[in-house]
Each structure stands twice: as structure tokens, then as C-alpha cells.
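Down below are the structures I want you to see.
Here come two complexes built around chain A, the first alongside chain B, the second alongside chain C.
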Partner chain A sequence: MSIVTVQLGQCGNQIGREVFNAICSDVHGTHGLCSKKENESYHDACKERFFIEAESGVPVARAVLVDMEPKVISQTLSIAAKSGYWKYDDHSHFCQKQGSGNNWANGYTVHGPRHKEVIMNLVQKEAEKCDRLGGFFTIMSMAGGTGSGLGAFVTQCLRDAFPSSFILNHVIWPYGTGEVIVQNYNSVLTLSHLYQSSDALLVHENDVIHKICAQLMHMKQISFKDVNQVIAHQLGSVFQPTYTAEDGLHYSRNPLGDLMETLVPHPEFKMLGLRNIPQMPENSLAYSTFSWPGLIKHLRQMLIANAKMEEGIDWQVQPPRPGSSIPSSHSTNKLLHFNTSIANLVILRGKDTHSADLGSFRDPSLYTSWLNPQDAFGAWKTPRAFNKYEKSASLVSNSQFLLKPLDNVVRKAWNMFASKAYVHQYTKYGIEEEDFLDSFTALEQVISSYTIL
Partner chain B sequence: TTHVLLPLQNSSSFFSRAYFYSSCWFFPSICGLSLCPLVVFFITVLTTLPGTELRLPDTQIRFVKSALWYHGYGRPELYRLPSDGSAGSRELLLAFSWLLHRISLLEQLLARNRVRTGDETSVCMCEDDLSQSEKGTTEIAPEYGPEDRVDVRYLQWLSGRLRFQWRSLHAQHQEQCKLLHKIHLLTTGCHVDQILGHFSVTEMDLIRQPENYKQLVQLLELETMQLEAFLEWKQREPVYWQWMVMTQMNFKGCSLLKSNKENLPCSLFFPPPPSIQVKTRAEDLQKEDFAATVRKIQEAVELKLLDLSNLCAPKKNKMHGLCRLVRSVSKEPAPAVSATEVIRELQMREASLQRELKQLREECRQRLDEIAEGLDGVICISP
Partner chain C sequence: MTQSVVVQVGQCGNQVGCRFWDLALREHAAVNKVTAPLPGFGFFFFFSRSAGDGPDIYKGKICSLKARALLIDMEEGVVNEILQGPLRDVFDSKQLITDVSGSGNNWAVGHKIYGCQYRENIVEKLRKTAEHCDCLQCFFIIHSMGGGTGSGLGTLILNLLEDEFPEVYRFVTAVYPSGEDDVITSPYNSVLAMKELNEHADCVLPIENESLFDIVNKIHQMVNSGKLGSTVKQNSLVTSSAGITKAIQEKPFDAMNNIVANLLLNLTSSARFEGSLNMDLNEISMNLVPFPRLHYLVSSLTPLYTLADVNVPSRRLDQMFSDAFSRDHQLIQADPKHSLYLACALLVRGNVQISDLRRNIERLKPSLHFVSWNQEGWKTGLCSVPPVGHSHSLLALANNTCVKPTFMELRDRFMRLYKKKAHLHHYLQVDGMEQSCFSEAVSSLSDLIEEYNELDATKGGPRTDPSRLKIAV
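== the complex of A and B ==
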């Protein structure tokens, strides 16, 4: 089962490269902490999932690179090839001779349609190379100009061309105080369009990752590369091979399908957040040990209290006791503090995962009233350690994690829209005020659905 | 009845993957629901000595109830049975007998558990209203007690899961097709049989691992045993029905007689279907006779088809059932149907199903609008 990665724009390409890097170095590392046979199975499963064996012996990433400028793509290709461990296919990319400005509408209505055939041909070629197409994984920023508009268009094309494939969009949420003045417009347009074509939106917030770099990794000067590497580590911790609960004998050959089925069967609820612990500087790893009960306890509280990292968790927040609160304060409590979940997926990697007890995640009070934990909770495990962490736990959560950020972005965009500021930049390329209104309506519906859980 | 799943090797070599696929029953069952668990369930229940406690998981009971409902079993007493299997062996006996008669349960099982050495796929080019399998299904809901109210979001959730499971199945199926194609391509010209021309996955596997022939022989022996057991059953079958009549005759208000569409003589509950007359003399029970009666049924069906005027005038090859997949480049007409014909047939079916779906959606929309009109302060915005 193979995943085809589509790297869109500068952000998508830089992160994509770090993801393949992280996966490759994990596989080649000697820190697996498991039997040779287990390691080989893991290696084989990972190879099938992300790479193709080439005649040269160097695995080729199953990816399509798209950008409007040539600079980032050529950098991406050469850095990958230099590693010696893996590379991109020399022909599997598309770019223009020059960039085209930071404009969502330009990407969506002009560049997208203009280059649709070329881009989709590249995707089709990659898809055909797969014995079994497990789905598409796109990486893009939500608020950058062309990348996000083009990304939304390409996702739509993917859906049209592959109606029965799984499509997971990895979306980078911009810094709150970002430099692009129309980033909230772009975000609203991107999200509303992706919601129609994509199966799930897995979000990473730049602000959050930045804090992780500063507080947990103790980095002083934080570059985009540092942020991207943390993101890559977190994604790797989700998509490297695991065993599902149903089959403990073979690594899953349908990770995207398993994930979708556990987390996003309901078409109204597609926003996924990701948490991964522990997270620490590499040189501290050798001196730290963790226990599964400790890790699981922290992860659970991060879920309940909507904490972004394992430091500064609010331990006061507790799930509502059934039948004990007055309705009004109950809902206030929920809105302000307690993070209600729809569904959760926990992934454990490393030593003694078989002994890890995930019962606390099956507490019904964590979940919305119309789902019980049998339907709403999934767990994947592997004894094979990931990326030098002796034990590593990840949580992919369909919950109110992103409710507040989403609400903020929509509110700010709406305030700007009320005075029609900068709207002409969009109408110039065919995105009318009505399209904006449609997007606002769609997102308000999503916000409302998540609020009344 | 069992089937043997040959062990999948650890390496993800494509041969072992192809073989794994061919030894599971990958294709959707003709009847829609798996029959083996159904039979196992009945045999478990019916062979339990009276007085011994029998506790069954309620998922099993629910599965049996939904399977019976799917096939059109209309007797409400069965659906009211408790979920733990603690009561109702008489109802179960009736239901089992009904299945034996109505859907030719044993014959279907035999057909499904046939040992196959070729790569197979199911083909159905019958007209919809003559399809055997669909005759038995029903739209009538059973008389359950009032269920608890369910949040519509939960139903949407379940519907979404089904949709994703279908997608995963689709992807697996496509992989299998790719692997089959590779094997057929690679082994072209190797087969002794000129018409077939290439190996099937099973044959390929036997070449690579000749010691596996032992398992194949075991399967064939098992199949022979099953056929012998079936023939023995056929001999004694009339006794079973006589016994059923004698012991169940005081079963008042048996609504099954009314729900059966054929005209039945009253002395028997469910007489065997008129087209299959199995001779009870042991000497006459040979497989050739069985094949002959099947041929007679096929001819009768074809006659009916000729009577019907159809949308499509040209006469087609009306195939139904499992066929061996052969990659063929020769123009020789073999007793076969080409892939292009099957694809065309499926496309026509797809088009007519799309039309039906559109119509149903329109009806649904109208119903919702009517309901919304009757409610205060409610606007219905349909997708």
C-alpha cells in the first residue's frame, strides 16, 4: 500500500522534504530496540508506503512537487539527492519560470486551471506506479498566496480524478501575527474549499510548533527548518508503519483508510489536531526515561485541557461528571475549558507497548454524547521505536482543538470583509463577494457543529 | 465446511500477496451475507441437547436475525426472540427449514466452497427481475419492539464508516487485479492448455512451492467428502420434511404458508422447488444427473428471457456465476464471454442504477420539503 505525497508551494515542498528525511533516517537508524525480523518488516512496510525501488538502489520518494517558482523545488531536489539515502524522481515536479505573487485567487482561478493537465499527469504517473494506491497526502500552507489557492484547486482535481481514494490534507496554520495581510481571507477560502474535496484536514499551527522549539527543544534562533523538522517528526510518528488492533501480525497496509474510518466518517467534522510526546532536544534523549502510564496520563490531560505541549498543562480541567452540572454552567465550562472529543487515535511506538494501558482514553465522558468509545477510539502500536525515542506517543484528535483558532480566523476575516478591504485583489481574478460569503457560511456551519458537541 | 487460509509469507513479495488474495473469498457474496456463520450457528443451536444451557453472544443472534430479514423471512415470532439465545429453538428450527428450502442453502454453500484452481471472478449478465438472488429479498421491516431514539449524527457516522470501508475494499480489489494481470502476463505461453495459455495464481504457486500440492489434495478430498455428505442428505431429505410436518403441524397460525408465493399442497410445509426433482434411489444419485437438472433450469430461464422484449435488442451471452479469468489475445471463440462485453453490461447497469438513485433522491427531497412545510419556523435546505 502506497501513499502519493503532493507537495504544494514553498511551504509544502520544504516540509515534504523534511518528512521524507525523517522517515528515511528513522528506518536506517540502529535504535529500533526490537528484533531483527521486526526491523525488517518495519523497513519493508515503510519502503512500500513511501518509496519506489530504483535501479540505482537509492529509493525514490513517491511524490509530486508543485510550485510556481523554480527555486524551492530545485533546492528540495538537490538536498534530497545529497543525502544519499533517498531522492525524488527527477521528472516528478512542476514549476513555472517565475513566481506569480501572493494571491489566492490567482492560484485558484488562473494557475490551477492553466496547469491542471500537466500536474494531474504527474500525479497519475505516480498513482500508476503503486500496486495499491492507499491515498493522497497533500502538504500546503493555508494562508500563503499561490500555494494555498493552487493547493485548493489541486485537491479538487484529485477528488475529481480519484473519486474513491482517500485524500488527507496536511495544512499549515499561519502565525497569528503573520506577514501576509490577507492571510485570513486566504485561510477562509482555503479551508472552505478543502472541506468539500478532502476527507480530512490535519492541522499544524506555526505558533504552537514555534513554542515547542523554544520551550521544549531549547532553541534560541528558531528557523523555518527547525519548525519543519518538528512537524516532520510529528507526522512521521503518525504515518510510519504500525499494527492496528484488528491485526497484530502484519503491519497495516491501509493507514490512511484506518485513520479516516476511526476519525472522520462524519462529513461535517474533518478538523484533526496532532500532539506528540515526548519532545526534547536530541542530546537529552540518552538521559531520559519515560513510563507508559506517565506518557499516557500527560497525553490524556493535553487532550482534555487543550494543551499544545507537555509543559504548562492545566491539570485542573476535568471532564464533566455525568448528570452533575447545571446545563448553562455545563456548557460554559465546556466552551472555555474542557475539550470535547468526537474521536481519537493514539499511536504508541517503542519498548513495552504491549503493556501500555489506554483505558483512560476510553472514558465516555471524554466524548460527545452521540458516540461511545468503542466507535470513537482507536489505537495503533508497534514495538519498533521511532526516531531515537525509546517511547513515543502520538494523538490524532478530532475534537474542539481547532475550534478557537478557526473562530479567530473567521472573525478577523469577517471584520476585514465588512469594510471590503483588499477584496478587489480577489474579484480581479474571478473570486466574487458571493464566493466569500459562501465560504463564510460553510465555516460558520463547521464552527457551530463543533461548538454544540 | 471450512476453507484453509494458506500462510502469508512475511516478505511483501507480490507473489505471496497475489496468492493471499486468491485464497480468500474476495468478491462480494451473491447473497449479500456470508452463509457459513449462519449454518454454523444453526447447527450449534440445533445440536445442543435439550436441558443444556446455551449462551450465545448477542451479536451472533443479531446477525442471524438480519440475515433472515434480508432473505425475506416474515415470521415475527423469530425477531422477538431474546438476544442471548436462551429461548426459541422451535422458531430457529422453522427458520432453518425455511432457509433450506427458500435459498437452497446447502447447494449455495457447496458452490461457494468449491476448490478453485483458476483465478475467478463473478459475472452476472442476467436481467434484473430474473436474478435468483434478488427474488428473496424484501422491503418489509420486521416487527421489532420500539427502539431507542438514535442521534442522526451517529447514523451519519456509521454511514461514513461504511463508505470508507467500501473504498478500502475497492483499493484492495484494484491491487488484486494488478497482481493478477502481472502473473498472467509473465506466464503467457507456459500452460499446457493452449486455450488458457497462462497460469493462474494457484498454479503459479504450485510451480514455485510444489510441496503445497498436499494442501490442494487435502482440499479436494474435503470437497469430495462434502459432496458425499450432501448426496446422503438428499437421500434422507424427504424424511426430514415429513418429520417437520408431523411435529410442527400443531403450530397454529403459521404465517409462512401464506407468505410463500407458490401454490403449495397442504400436506407439506415447503415442497422442494418444482424444477429440481431429485431421485431418491441411490443408484441414480450421480453428479451428471444434477448437472442435467441445472441445465434444464438454465434453458427454462433462457426461454423466459426470449419472451421478454428488452431495451437492448442484440442477443447477448447470458452468463451468471463464477468464471475463470483468462488473459487472451486470440480471436478464437471459446465458451467464454469477453471482458469488453462484461464491462459494457456493467456500465449499462451502472447507468440504470444512477437513474434510479437520482429518482429516489428527488422523491426524498420532495418528502422532506412536505415535512418541512408542516413545521413552524423550519426551513429545509437540501444538499
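== the complex of A and C ==
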């Protein structure tokens, strides 16, 4: 099954090209560490999922590029074509001239309806090129105007036009200390709207990835390209082909469906966080060895203690003892320390994955009480190594990972809203105070639901 | 690619405008070394239809390239000089409106008399310029506040733009008179113009001559101090006139006007050139104007010059950020560090990455006071192309209560004249001017000052966070 990627806004397009780059270089890399036959199946599965074979032999990404100003898209198209390994379809993009001015309302109420037909036509064309459509993957930031506002509108349109397809929104959480002053408003409006039409939101936080670049990759001067490459690596580690069934006979044909089935048992809980280890500078890879028990142990503790990366994990945090009742007065303590999960998905790639024991992830104390741990945990494996890492482990988690960031964004937005600052910029385009209140209410509901897990 | 039109009004407006076009040409010539089509050029320039066999830029002749500009002055001297100078080919006769006698430093003459007389002409010329644009985004209006034409006719044009092109942003670069201004009626003209700016501009970048003068002096000292081992690259001076027209004679205000020209170039750099985090003009307005009337932005440009040694350690990069917040780099006499920030934008050009930006924001944040509802009120932009002669540069725009003293002084100077009714008759004898115009204008200014006062007093909001919505579980 194929996935159609929709890249929205500057961020969406910049990340999108890194993702396709990462996938392509992984597939063409020689560090598969597995049999030729295995490599070929991997290659084929990946190709079907993300690319179309063109007459020229250069694979064409299954993607639609959307932006309200032209500079980024033209840059993206040319960088992709230069690589020689892959490219975008020359007609599969849409842009305007003016941009959205970081204004969610402009993206949602003006650009959205105005360009709906053209954009959805492009999406329809890409969907028709797939033998079997596996769903949509949209990439956007929450902070700006196009990715966020137009992105929310497009997601709604996707839901209306393809009611039975899976929609996964990849959302970039901006740096806490502003990239855009009205980013909290834009974020609140985006999240509340996406929640209605999307199946799940997979989040990457700029602050976290920045830290990974600084502390794990040892980069001195970090550019957005560096940040985007780490994000692309992490996404690739989730979406490259894997075996989902225990017997591992063929690569999964329905990655988005499998993801949703494992991770989103209840529509109230759609916030997914992503962790990937190990992460290190490329020139250190040759000198490092890892063991599955070690990686799994770290990953589990990262889950429990809500650590953002494999350094600085708090090993003191432990799950509550099973059987003991948790009175409500302890629930705030629980919030601060232990990360309760609804569902988790672990993806292992590389040497000897069959020997990896994931029993510790099936511990019922990790999970909220209303789900069986058998239903709450999924594991995907493949012996084919990913992106030069001999062993690589990823965790996609529907848990309280994003509770604190979400709470922060809502708090700051509410603070600003109380003084009515900037609201006139939104009402100018038809987003009234009531719409804001609706969004706040929706998100407070989500926060409340995640808090009482 | 969007387009912008520059409307330069009055002597000051046109002198600044002239420097602007010169430096804009230099910047684009330096950036675009391959043949047409030239990206980013279209923002301020277009090729006129009478073009023979295409642009001839590389042979040193700029014959068919035209500036998207309107040059307006009620006396001929300044505009004529421009038309006889090296930039004459960049302007079309259809883009000019001049008269002979000037406005006599009288806002009413500029606004009411010439406004009436030239209204249709101006609208027609604006429409013509707009026709050359397929996506007109912004008008840049440049004028002084203290005179008659720039201030009076300039603000009338602002009104016109709002009526005729309501969707297009109006950015005003206004030069405010200093205390020792030799035009006696400048406080009247300025306050009357302020009311128009309050009501009809999207964003105003106030500039004070005193600040420009201080910066020019600072640079002279640096250049002439001849510190051992440091030679300043001449074309990197923010005051440098080394535009595309090298033979130009430097005139007294040129150095100061170059600073303002550079301000406009930096402001629009992200719209014209690529970068990893674009910041367009509509984003500036969106992020820096929390309430409609509080749209006065204090600007600062760094660095003022580049030293000839090429290696720039990161310490010097950090120094650039610190300087942007220092008192002597601001383009008005104000100290934003000791007042309250409502919002702040940093537009970085050149080889600077997001980590450098973050590091400096973290470093500088503790020493700055932000309003309570905008504690992390930073808007940032990264443009890959640096200005000519620099490897990187920074433009800081602040919506800060430090503009208040400037406005208060203006009001004081106004009141000193108004109480005695000095020179009032020159204004009242103009058809359409009444005493109420004055009282309304000063009242509008007072209201503005009051809004800033309130923000200062409460530091922008209650001490504790407002309580959140409660959800029934």
C-alpha cells in the first residue's frame, strides 16, 4: 500500500524533502547487514510505499507540495532533482505569492476555501496513482500560518474526500522561546481542529531535536537542515518497511493502518510521541556497538521517565507497584514523575532482532488500567539495518509524553488571550473570540483526559 | 514573489528614497551574478515595456529597469536633482509629481491644498504602478514629520492608499524632528501627521535625525581612529554611499539617509531572498502589532561596519546581538532595554544558524522586560543572503514603550506653541482647517501615550496567570 505525503508550508516542505532523502539514501546504502533477497524485498516495499517508478528510472516521490509563497517549493524541487536518486513530480505542487503572514485565520478561512479545489485535485491525482492507497501523511508546523491554518483546512478536506483512509498528521512543535510571537494561538487553533479530522498526531518538538543535535550529535552550529535531518531519520525509522506479524513472512502492507490499530484505541487520545535510539554523529558509528538488552532497557526507561533522549535519563522513576490503588492526591506526583501509557509501539531494525526480548514493555504497570497490555503493545521488526545504524530502536508512544508541552502551549495562549492581544489580527479574517474559546475548551478536554490516566 | 511600491514624499522622503534605490541596485547586482530571470529583483523593480532587446545591466547601462516608485514633491529642486543624477534612468517621468512653490512647512498646505489639487493625479499614478504588479503586497511611504509636504501630503497619500488599496500593507518610515529642529512649526506638523499615522498606517518605523547623526559620528570615529590591525571595509559602512553609482558626490545628509535605506533593505531581505526561516512583511505586521494602534516599531541595525579581517569568531557574532539592544544603535532616541517590550523581531541575514539565534536570545532575555502576556515574544527570521560587504547582519524591530518619551516630548513642544496660538493663523487660513483639527490631533496623541502608560503601569497584565477553563471530568 502506498502513502501520499502532503507537505504544507515552509517547515512541511523543508522536512518533507529530508524525509524522502533519508528514505532514499537508506535504501541505496550498502549497510543493510542482511541477505540480498531481504534487501530486495525491503527495497521493493519501500519503493511501493513512497515512490512511483518513472520512465526515466528516477523514482518520483508520492507527494503534494503546498505553500502560499513560492521560494521554498522551488528550492525543494531543485534540491530533490539535484540528488539524482529521486525527485518530485513537476506538476504536483501548488503555491501562491503572498504567504499567510503567520496568521492561522488567513490560512484557514481565506487560503483554504480559495484553493481547495486545486489542492484536492493534486491530492486526488496522487491517490489515483497508487494501486492501493494506504493513507495520507501530512507534514506541517503549528507555529506559522500556512502549515497550521491551511494545513488544518486541508486535513479536514482529506477527511471529507477520503472518509475511510487513514490520516496521520506530523506536527512540528515550535521552540518554546518563540519563533513566531503568535505561535501559541496558531498551535491551539491547529491542534483543536486537527483533533476532529485526523486519526493521529505524531509530534516532534524543535527544542528536543535541537538538544539531540547539540548533545548527542555534538554539533556546534546547528541549522534547520540539521534539525530536519534528525527528524527525517526518526520518521524513516518508523515508516521504512517492517514485519508486523510474529512470523515475519512479508513486509507489512498497511503501515498507517497497523500504526493506528496499535496506538489509537480511543479517539480521545491521539497525541503520539516518538523516540529513537541510538543517535550519534556518523563518524562515531564505526566505533560503537550496541546490544538489544541495553537498547531496550534504555528505551523503556525513556518511556517511563519521559526522557527526551538517551542522555540524562532519570533512572529513579519506576512504575507504581501493581495492585496498589492510587488515591487522587498522588495523581499530581504521578504526573510529575511517571509517564503512563495508553499504548506503545516499538520498532527494531538490524542485526539479531529475533533475539531481542520486549517482555519488559508488556508490564501492565506501564499502562492505564482500561486496556489489556496485550492490546496496548505492538512490536515491529526487521533484520535489515536502517540508515547505517547496526541496531536501531524506535518507540512510538501514545502516553503522557506530550501532556506537559500541550499544557504549556495552552497556558501561554490563554495568558495572551486574556489580554486580547493580537486577537484583532484573527477577527479580521473571521476567526472570532468564540472560535478561540471552542479551541481552548477542546484542548483542555484533551489535557484533562491525559492527566487522569 | 510579491511586489512593493515606494512612495517618497517631500524633500526628506525623496533624499532618503534616492539613497535607497542606489543601494537596492547595488545589492541586487551583487547577489545576482547570473543572467535573467533574476529572483528577488521583482520586489522593487520591473522592466518597462519600452525595453528594446531586454535588460542591459551587465554592460553598465540600466536602461529598461525601472523602480516601483512614486516621487512626489511640491517643489522641484530635489526631484530634479535625482533626475539629472546617475539614477535618472531608473525613474520614469510618469512616476513623478512635482509643483513649484513647496508647502512652506505647513501641514495644512500639504494635506488640504495640494492634497485636493493632486488627489486624482496621485490616484491615477498609483493605479498605474499597481498595474505593473501581479501581487502588490506593500506600500513603503517615506517622509519627514516636521515639514509641510512630506508630513501633510504624505499623510494624505496614506489616507488615499487605505481607500484605494485596502488590502495592501502600509509601512511608513517617518523621520521625526529633533528638539533643535530649525523649523519652528515642526511640532504642529508632526502632531497633525501623527493622528493620520495612528489611524491609517499598518506599521510606522519612527526615525530621529539625532540618532542617525550619533551613529554617523560613531562610525567616523571608528574609521579615523586607525586602531592598529583593524581596517574597516569601506563598502560595508551602513552609511556608505558606494552604490552602483560610484561617482556620486556625498551630500550632507547622505550618510544618515543611507542608514534608513539599509533599514528598508534589511526589512525586505527575507521577502526577496531565500532563507531557512522566512519572515515576510505581512508576518512583521502580524507579530509585532498586538493592538491596532500600537504599531510604532523601534528599529536598530547592526553591525554598523565590518572589519576587513574575514574571520569572524562567534564572539563577534554575539556582540552583534548585544549591540542591537544597546541604546546607541537605535534609530530613535530611546532605550528599549529599560522599558517594556510588547514584542520583538530579529531578522538575521547571512551565515547565521538557528543555534546562534537561540543562544543569543537565551543570553539576552533575562536583561529585557517583556509584557506578562508575551514573555516569549520573539519573532525570528533567517535570510541566507547577507548585505553587501558583510558576512551577516541583524535588524531588530521592537514594539516597546520606549517610544513614549519621544511622543511626550512632541506633545510638549506642540503645547508650548499651541497655548500661545503661535503661527496658528497660517494653518487656519487654509480652507478646511479648523481649530478642532488641532485639538483632535493632540487628543489622538494623548490617547496613544495613555495606552503606553497603562501598559507600563501594570506591566501589561495581572501578576498571576488568569485561571484556566475548568472541564467537567
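Side notes on the structure shown:
In this section, the second predicted complex is superposed on the first by the 441 of 453 C-alpha atoms of A that agree within 3 Å, B and C clash if a C-alpha of one lies under 4 Å from a C-alpha of the other, contacts with A are read in each partner's own complex, and residues count from 1 in each chain.
As a convention for this text, contacts are C-beta pairs under 8 Å (C-beta built on N, C-alpha and C of every residue); 3 or more make two chains touch, one makes a residue touch a chain.
Fair warning: this is a prediction, and the values are worked out from it, not measured in the lab.
After superposition on chain A, the partners chain B and chain C are seen to fit next to each other with no clash.
Legend: residue contacts after superposition of the two complexes on their common chain; A:H266 is shown touching chain B, with no touch to chain C.
A simple residue count on chain A separates chain B from chain C, and the partner touching more is C.
Of the two partner chains placed around the shared chain by superposition, chain B is the only one that A:W370 touches, whereas chain C remains out of contact. In the overlay built on the shared chain, the residue A:I222 is in contact with chain C alone; chain B does not reach it. Once chain A of one complex is fitted onto chain A of the other, the partner contacts of A:A214 are limited to chain C, with no touch recorded for chain B. In the superposition on chain A, A:Q10 makes contact with chain C only, not with chain B. Between the Cα centres of chain B and chain C, as seen from that of chain A, there is an angle of 140°, stated in steps of 10. Of the two partner chains placed by superposition, A:Q301 touches none, neither chain B nor chain C. Of the two partner chains, chain C is the only one touched by A:Y422; chain B is not.
Overlay on chain A (Cα): least separation between chain B and chain C is 9 Å.
Within chain A, no residue touches chain B in one complex and chain C in the other.
Taken together, the chain C residues at the contact with chain A in this complex read 1-2, 39, 134-135, 137, 274, 276-278, 280, 282-283, 285-292, 342-343, 353-356, 358, 361-362, 365, 372-380, 382, 460-461, 465-466, 468-471, 473. By the touch criterion given at the top, residues 10, 14, 69-72, 75, 97-103, 145, 175-182, 210, 213-214, 219-225, 227, 410-412, 414-416, 418-422, 424-425, 437, 440-441, 444-445, 448, 452 of chain A touch chain C in their complex.
Interface residues of chain A facing chain B in the complex, by the touch rule stated above, are 1, 37, 40-41, 44-45, 48, 131-134, 164-166, 250, 254, 257, 260-261, 264-268, 369-371, 375. Across the complex, chain B meets chain A through its residues 8, 10-12, 14, 17, 151, 153-154, 156-161, 163-168, 170-172, 174-175, 178-179.
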